[in-house]
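Worksheet for the structure shown next.
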Amino acid sequence: MPVVQIELFEGRTLDQKRKLVEKVTNAIVESVNCPPDAVTIILRDMKPENYARAGKLWSDTR
Amino acid sequence: MPVVQIELFEGRTLDQKRKLVEKVTNAIVESVNCPPDAVTIILRDMKPENYARAGKLWSDTR
Amino acid sequence: MPVVQIELFEGRTLDQKRKLVEKVTNAIVESVNCPPDAVTIILRDMKPENYARAGKLWSDTR
Amino acid sequence: MPVVQIELFEGRTLDQKRKLVEKVTNAIVESVNCPPDAVTIILRDMKPENYARAGKLWSDTR
Amino acid sequence: MPVVQIELFEGRTLDQKRKLVEKVTNAIVESVNCPPDAVTIILRDMKPENYARAGKLWSDTR
Amino acid sequence: MPVVQIELFEGRTLDQKRKLVEKVTNAIVESVNCPPDAVTIILRDMKPENYARAGKLWSDTR
């Protein structure tokens, strides 16, 4: 019954998200031996100004 | 001091959210014996393309 | 397909948790019109030293 | 390798977010002795209708 | 810079977790074209009494 | 009404956590102009086997 939350930068296409959830689900199924429909995934689109490493906004490092 | 995070599909009306937080708060107060003002709730509106079960985006299953 | 995460202080009995998830699920079903089996809830037990308000650990305020 | 998630009301300026992540990173580095680049921060902008205390939406209390 | 949070039932072996993070990281890298070291994963071990579907604790459904 | 969640490696002393929540709260208060008692912080202690970067568990990289 894994529940997955993924923050990723906004701008991913629908097709990228489609591949992402399929592949991540398979990765979990193969690793912990659960059925595919036990896997729930939530994606969250993140603006570059809402992510920081080392005290700097991502939008300021580009 | 329960802190609650709820992901739900976008498109809920203000009135639905109003009922939701009132009822969920009551449910917690009655179950774990805390005062109502100890309950904090965060709602997050989710696009159908940002939720997946069994490796498929919700927006692809409709 | 609401996904709910609840942080609450450790020490709740199994029966309190049982009531909590039943009542919270009902609260959501009645508010946003989804079937009960669409509701997923994750509980997280929290030590008093892992919760703070106003800059003070809960374990220091008692 | 602290990972920080901060929900805050929408409407913060870029400069407020810039200060926020710098100061929070420093606060963590000084408290738990990790290098600055070990600190990851995710900000989430929250609508007043998506936050509740004591069973009331924030947008209803103003 | 994807950040991933995965709740899974406690009792997974170290080797299962090792495979899980390797495979999930690869799944993300292949889907959204980011370098592997951009992927951060947090696992959280969940007791069966801390997970519910349809208003019932997992520990009560077995 | 910022709500902060911080994952950090287990083993931090009570005094480190005490400093952490005080300093992080101050950092937020100074950056976004809210009162200190508006700031809620949740800490989560993380085992090194529950954190991964670049597809490798932290416990395997030491």
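By written order: A, B, C, D, E and F. Residues from 1 in each chain.
The definition used in the following text is that a contact is a pair of C-beta atoms (placed from the backbone, for glycine too) under 8 Å apart; a residue touches a chain by one contact, two chains touch by 3 or more.
A quick note: this is a predicted structure, and the numbers were derived from the prediction, not measured.
Undergrad: Just to check the components: without chain C, which chains are still in contact with one another, directly or through others?
TA: Leaving out chain C in thought, the network of contacts stays intact as one piece.
Undergrad: Fit chain D onto chain E over the CA trace and report the rotation angle, somewhere between 0 and 180 degrees, nearest 5.
TA: Answer in degrees: 180, to the nearest 5.
Undergrad: Over half shared numbers or under half: where do the identical copies chain E and chain F land at their interface, same or different?
TA: different
Undergrad: Give the chain pair, either A-E or B-F, that is connected by more C-beta contacts.
TA: More C-beta contacts join the chains of A-E.
Undergrad: How big is the gap, in whole Å, between where the Cα atoms of chain A centre and where those of chain C centre?
TA: Spacing between the chain centres: roughly 24 Å.
Undergrad: How many angstrom lie between the centres of chain C and chain E, each centre taken as the mean Cα position?
TA: 20
Undergrad: So which stretches of chain C touch two or more other chains?
TA: 3, 7, 24, 26, 40, 42, 44, 51, 53
Undergrad: Can you list every touching chain pair?
TA: A-B, A-C, A-D, A-E, B-C, B-D, B-F, C-E, C-F, D-E, D-F, E-F
Undergrad: What residues of chain F sit close enough to touch chain B in their complex?
TA: 3, 40, 42
Undergrad: Going by the contact rule at the top, pick out the chain A residues touching chain D in the complex.
TA: Those in contact with chain D are residues 7, 44, 46, 49-57, 59-60.
Undergrad: Any idea which chain B residues touch chain D in the complex?
TA: Answer in residue numbers: 14, 17-18, 21-22, 24-26, 36-37, 39-45.
Undergrad: Looking at the complex, which residues from chain B come into contact with chain C?
TA: Against chain C, the touching part of chain B is residues 1-9, 12, 16, 19-20, 23-24, 26-28, 30-32, 51, 53, 58.
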